[in-house]
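Below, chain A partners chain B and then partners chain C, in two separate complexes.
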Partner chain A sequence: MAPDSTHKAALFAALFAAAAALRLLLFQAFPLLPHRLAGRVELSTPVSSFKRLQEGLYLYTHNVDPYHGGVYHQAPLLLPLFSFLPDASSSPFATNLLFTVVDLLSAHALAQIADSGHAAATRLFKSSRQGLRWSSAAIVAGFLFNPFTLATCMARSTTTLTNLFILTAMAKACQGASTTFLLALSAASYLAMHPILLFPPLLVLLYDARADRSKTTPNALAFTAVHTLGLTVISGTLLLASALLTDSWDFLGATYGVRLLLPDLTPNVGLWWYFFTEMFDSFRDFFLGVFWLHVASYTPGLTIRLRTQPLFVATTLTGIFAIFTPYPSVADAALYLSLVPLFRHLFPLMRYTFLASAAVLYASFLGPAFYHLWVYAGSGNANFFYAITLVWSLGLSIIVGDSLFAALRDELDVQRPELRDKEVKRI
Partner chain B sequence: MLSFLSFLLFHALIACAYASPDYHERLLLRPLPQDALLASFNFRSNETAAAYEQQNFRLFPRSLGQILQHAHTKELHLRFSVGRWDAENWGQRPWYGAREGSNGVELWAWIEASSEDEAFARWLALVNNLSGLFCASLNFIDATKTIRPVISFDPEGDHAGTSNLHLLHGILPHEVVCTENLTPFLKLLPCKGKAGISSLLDGHKLFDAAFQTMAIDVRPVCETPGQNCVVEMEQTVDMVLDIARSKRPRDNPIPRPRPIEEIECDTSKSYNAPDTCYPLDKKTEPGWKLTEVFGKPLRGACPLTAAEGPESETLCINAPPERTIEVNTTGHYTKSLSASDTLRCYKLPTGAELDLVLPEQRMTTGLIRGQPHLYAARSINGHGQERGSVQAVIKNPSPTDAVEFAYLESLPWFMKPYLHTLRAHVSTSSEDPLKETYYRPAVDRVRGTHLELRLVIPPASTLILTYDFEKAILRYTEYPPDANRGFDAPPAVIRILGPFQSADRKGLYLRTTPLLLSLPTPDFSMPYNVIILTSTVMALGFGNIFNLLVRRFVGADEVPAAGGLKGLIQGRIQRVKGRFGKA
Partner chain C sequence: MSTGGNEERKNPPPETKHSLWLRRAVIASFWAVVAFLGLPVWWKTTAIYRADLPLQDMTAWANGQVCKPIFPIHIAVQAPLLPHDAHHLIHATQQTLNDLSDFPAHQLRLVFAEPPQPANASQQVVADGSGTAELDDTVALAVRLIPVETGATPRSQLQPFLATLDIYYSPSQIPSESSTNSPLATYIAQELHQLYAQERVRLSGLYSNAASQSESLSPELAVQLQRDSARAFKYAPTYHLTFSLFTPTSTPSAWDIEAALRQYMNPILESFSGISNFTIDTQVQLYANFSPSIRQPEYDNDAKAWTIFKEDVGGFINAAEWPLSPSIGRGPTINFALYVPDEAQSPLFVQGSRDNSWLVPQWGGLMILNPQSYQATLTKEALVPAMQVFSTQLSSLLGLPQTPASLPLRISTLIRIHATSLLFSASSTLGALAQVYQKMPTIPVPDPVAKSVDLSLAHLHRACELLRDGRFQDALENARTADGEAEKAFFERSMVGQVYFPDEHKVAVYLPLLGPVAVPLVMAALKEIKSGIAAVKGR
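Take a look at the complex of A and B:
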């Protein structure tokens, strides 16, 4: 056992070193690349752009309230954090190092999730195909060397921080560590608001992990109450600290208000921006409500139906966030696509893998081209890029739906082993 | 009886007007290089503060006076401008730029109010009323176009008696200034364009000029602080006419080449045919007449101006002494020379037309023109409709003096500057020219950006100011009908703080040209299609997941065979087969 674990540790060390070296090398060799990528609408949204963070930092260090302007929409506690670092435009090394380290920490959390084995076997459910899995090293490599992850890291989008906290929350929930789980999830929700929707499935995951570890089942109601209270207290503390830092509660409107009401219609890969550009004024508020309700509606449905596989529910929700939230970017898709390989045992049951991967690839290559045609060349119009965002969303939603089908089919195989490898119908 | 009374009253009024020369007007003509002519009209009238408060308007127009009193406006500056002052060729600006405005309409006023909100409410009342008075879209100056400058403007009047003054400033760069704005402008004058120098103002020539600006300035002026105050109203028109263009007759405006016999050809060149010619530069001042370049005759003096003294000389021309000027009139006029004979002033005849005739003349002395304190140019760098950067190049021509100035930018909210990219760079010194920054960032759809900088530029050097900005995409209802033309960003206002000082309190200003900002545009024709297509993708995603969540899986062989139309037809066929089988 010992030589095996040392072998694994060496493998991980090599992986991490290679990923860090690749990132730092790219940062050093192409000093203009981060600026280029930070300007891409696919990677930087109004709520995650590094250039806007720099503007917020500049205003913050010059005693102008950054939330009195319409440019900075990110969390207030990022300001003191980044103001400790040297100025990113003159000496970018410290910032680059920070984003590299954030990626490595995310990869570490992903490795913990993979090692926990919760993807295929939970307390209440053991997949019949649980032997079919990829090693954690392979999954981590898939995350670290994914071009989407790499591009996000190079663009220094603050979504990487959100992703780190989401992955940490998942990893800690798998390990049954309540406090760190609550801290990580509060931080993720504080940064990006929508990760709060991951709380129900991850709470179930935490409950299962705790029950597994202690071999007794804690009182579910008390467990939920305590953790909800904990999440409220920690989130409240973060918000209060932000209010004390900026001396007002104005940041709420400029951060969460912007996500809720979408005043900034800068193009991104999601479905909202063009819809609300073209929406009639009198229906704007109605559709904002409908769209947000739509995003939130998946959490209870999935959590109840797939109560036995909470990690899968959380993964599917990250996929839904990458499609249906107001300011999604490629970074959100990168998170989802890195989590999907955890469910290697479902791959044989998926039906539209080729179609979905073709759609995502098609959109990733044609998206930048069509955006160029619209904004720079002037030979296309906004519909070109809009069409590509539709294809991208469709591709991702096929993956989400197809993996959900596979998970349910897999569950059926456990419940009714006689139907294995037979044709089934939905009634 | 009644008519006799009114006759008496009329005479009394006229006598009264003659008694106190509270009305001044003057036209200053100045030939500029490249066959251009600057015409500066200035009309000034005073009303005592007491009479103004009692709404006893004599020379001050009642329509404007009542608006100002209603909006509690103590000082008003309104500008209508078209074109660009070519400082490289034309030199110092008229009035040192103090009576000049940004392209379009610019308005700033000091309003008395107890709070900022009250001041803004009165400002809105003011712009809406002025909008009606001047037939301009001034009512579009709302919160997104209003700023409160800090160092760029100082009151010109005496405001010792009033406290709580608020300065508000707004620019409409897209406003097209035209004849419908000139007519109400002329109506405010006591002689209403019927007599005096204002009879020369004609919409066709004024708005055909290479540069023109109309200004209205109202301010209280006191002899001693708080005493003997008058409300002074000044109306100014500056225009730069292209003489050759203005001389074209209105019924035949298309320029045609002159007959070849009239052109002096360059004989040092070889010609292939007798009808070709390289014209030689004539090196002469062009000949012109007042009636030709203004298109209208000058109809004698306005009877409200002073009868004698320097104030009565209302037509002046600033030209070298050797320039021949002939006066063509049937009435009585007087002429005086001043400023070592470079300024010739004429007292206009009453009730008779007057014309100045300047023949074509070869000159030995150059034209008189002052050197500007600063040169400024501003442009947008970069391409595409996503982002760009603004570059302002400001040149100090003085070999000895460092110039301190304030730089004011008022940007629309959809042009989002990144202040951390602001760089001020001087080639000749390593010292940071940026001394102070006032910045109020924009908020989407609520207010625009207000950026004010205090800069110092060393002698004989060029300052380059740059910053990046991003362009927002708007809702499709927020675009104007000509969305692909682009949006106008207002010019920058530069005020020289030192070491040069103006003799009066007007200040020294210059303005850059406005910028044209092309924003990304959505497809305006397909809101329905977008709503339908996006909804379809969302319905596909939601429907698929919802279907999976609420339905149950069963084996394919556990349920009856395919339902629907196929099943129905198959069932029928089976039944028919069965019947035939029995038979």
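Take a look at the complex of A and C:
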């Protein structure tokens, strides 16, 4: 085992070093690139843009309420963190290094998830194809050298931090480490709010991991109560610290209020902005409610249906977030697309891989072009870009739906092995 | 499940109990989100918010049930008499006045004021009115009784720039203790009654409009009132005055308008300052031609002057080319245009008269100025006739009554008229709002509307009380605020949005998105219920 593990460690070291070198090289070789990328609507949304973070930071360091300008909508605790770093516009190296390190830590968490093997075999469910899997190094490489991840890192979008905490929460849940799991999930929810919806499936995952480890099943109710309380306490502490930092509770409206009520209709790759530019004012609140409930309603349904595969539920939810949240960006899709390779055993069962990958590629290339036609060239209109975001969402939805189908089919194969590899019809 | 027993057909094997319950739990979880979160959200966000309005108060104001404005006009009588005699005289005069009164809301109330200093008649006549200044500010008019030995008595003189009426009498006309009727008292009463005749008519006109009562008015007076009110601008808290100089050539190219305005216009604007604010701008337009539709001036040999035809006066302003914009800034614009004709066509008059100025109702005034000499700059002195004409025109454009002769009296009359009409207009706006509120249950009424209504009602009450106390200036200010707030409430933008949104449109709003979502949810629930019933029956 020992030579194997040293071999693996060396492989990871090489991977991480290459990824870090690539990022730092790109930062150094193209000093204008981060700035250009930060201005792309596909990468920077009003709630994750690095430019807006700098604006908030400027106000914060000049003792002005960072939310006064109506530009900054990100969490208050990011401000003291970034105010420790040297100014990003004059000496960007420290900031660039930070974002590189964040990506590497995310990759590390992803490797832990892959190593835990929870994707294919959990306490209550063993896939019939569990032998079919990619090595964690391959999955990590798929994350680190994914162009979407790379672009997000270069744009220095704060979604990378959210992604880090989501991946860490998943990794810790796989390992059965309650405290770090709660800390990571609280941090992710604190930064982006919607990751709180990952709590039910990840709690199930944590429960399974704990039961696996201790060979006894803890009391489910007490387990849920304790962890819910823990999450509440940690999130409450984070919010309280933010309130103390900004001397008021106004930040709630400027951060979570903006995500809930969508006052900023800057285009992004999601579906909300176009819909709400066309909305009758009197129905705006109602449809905001409908859209948010739509996002939220998947969590209980999927958690109940696929209770035996909680990691798959959490992954699917990140895909749903990448499609249906108000301010999604390519970064959210990057997280989902990095998690999907964990379920290599489902790939043979997926039917629309070509269609999905074609749609995603089509949207990735035509999206910037159509945005340019609309905003800069003036020869297109908003419908051009919106049509492309529809294709993008369609591609992601196909992956989500297809993988869900594959997971169910996989489950059927376990229940009724005689049907394996036969055509099935849903009834 | 309908899988019982039929072995011949290749039915799928029955679902396990576990997967059956799993599916039910999933469907139930979606329905739970819809029922426990979706429905409250729908209820909360599509409910039309209607702030509570004091409908009864508003309707009562509109019907004139709350406030019947009365106009107690306090008149101070200064007489060099013993208090006893003076009181007797005032009492007698008051009684006569009450007998004369034909409009009970308009009450002239005499009060005795100590004369500033005992002095003889000749000094009193030239007194500068410092006596009246010391009086209570509710006093609208001072009557000075001045004993004289000569001339016809009693006779009266109204100070043109003071709210003071001088009455000359001979000491013998002081009524004695015993007499109930005295010529002097009757004379004073009639003078006062006459003084306020026009105001009474106009106020009662407002009253009858508001309460839709018919009252007998002499036809010629009614015509004059109608003409006056047709001329005047609708009341506004701020007016914008534009003074323009038009000339068909290049001379004069400048005018000393600032000094002229300062000297001749500011005094009248100051006296109006209690009623409205004014902003002023001026402009010069060279090479300003007539519009092609009017005939060019012709030389009239008899009058030795150029004339324009009377029919063309209406088209004199070349609206297409002369830059007289309808409104600059807040409030309506009152235009004053001075036309200096070409030197070759000077003097220019309107055909058939030597009158070369006219007033355009609710627009402004015009004057053709034929200067003595053509220079590059029109001096202040050359502008004097224009300024006189413009200030007269301004007075009638602002609705200042023609009589009585004293300017302060006319202005205070105007204050009372505006206060009353604003009071009535605010009340009727509130009444209309109350009607809209009751008749259209689907329009939203936001909180600012309720706030404006409350504010308006409060100011209306205050205005009504102040009118009763004779503090007309303050009453006008309150009525103005009340009217402004009432208009703001009535024209609130967010109220009109949903007026034309019929219920059928809601189907178009809800169905495209919610329909596709609802169909699988409903079908799944129906299927589960059906199979549940079948299972219960089969057992």
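Just so we're on the same page, the second predicted complex is superposed on the first by the 427 of 427 C-alpha atoms of A that agree within 3 Å, B and C clash if a C-alpha of one lies under 4 Å from a C-alpha of the other, contacts with A are read in each partner's own complex, and residues count from 1 in each chain.
The criterion applied here is as follows: a contact is a pair of C-beta atoms (placed from the backbone, for glycine too) under 8 Å apart; a residue touches a chain by one contact, two chains touch by 3 or more.
Nothing here was measured: the structure is a model prediction, and the numbers come from that model.
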Inset, instruction - Superpose on chain A as described above, then tell me if chain B and chain C fit or clash. - result: clash
Inset, instruction - Answer with first, second, both or neither: which of chain B and chain C does A:R123 touch in the superposed model? - result: neither
Inset, instruction - Figure out whether A:G301 sits in contact with chain B (first) or chain C (second), or with both, or with neither. - result: both
Inset, instruction - Could you tell me if A:L293 is touching chain B, chain C, both of them or neither one (first, second, both, neither)? - result: second
Legend entry - Residues of chain A touched, compared between chain B and chain C (which is higher): B
Legend entry - First, second, both or neither for A:D281, with chain B first and chain C second: both
Legend entry - Which of chain B and chain C A:N383 touches, first, second, both or neither: first
Inset, instruction - Please state which segment of chain C collides with chain B in the superposed model; the candidates are 60-68, 150-158, 186-194 or 384-392. - result: 384-392
Inset, instruction - Share the list of chain A residues that count as touching for chain B in one structure and for chain C in the other. - result: 280-281, 294, 301, 305, 416, 427
Legend entry - Of chain A, residues touching chain C in the complex: 280-283, 285-290, 293-294, 296-297, 300-301, 304-305, 307, 415-416, 427
Inset, instruction - Would you tell me which residues of chain A are touching chain B in their complex? - result: 39, 41, 51, 54-55, 57-59, 62, 64, 68-71, 89, 263-267, 271, 273-281, 294, 298, 301-302, 305, 320, 323-324, 374-376, 378, 381-383, 386, 390, 393-394, 397, 400-401, 404-405, 408-409, 412, 416, 418-419, 422-427
Inset, instruction - In the complex, go through chain B and note every residue touching chain A. - result: 383-387, 413, 416, 418-420, 437, 439-446, 472-477, 520-523, 526-527, 530-531, 533-534, 537-538, 540-542, 544-549, 551-557, 559
Legend entry - List of chain C residues in touch with chain A within their complex: 12-13, 16, 19, 22-23, 25-26, 29-30, 32-34, 37-38, 41-42, 44-46, 444, 497-498, 501, 509, 513-514, 517
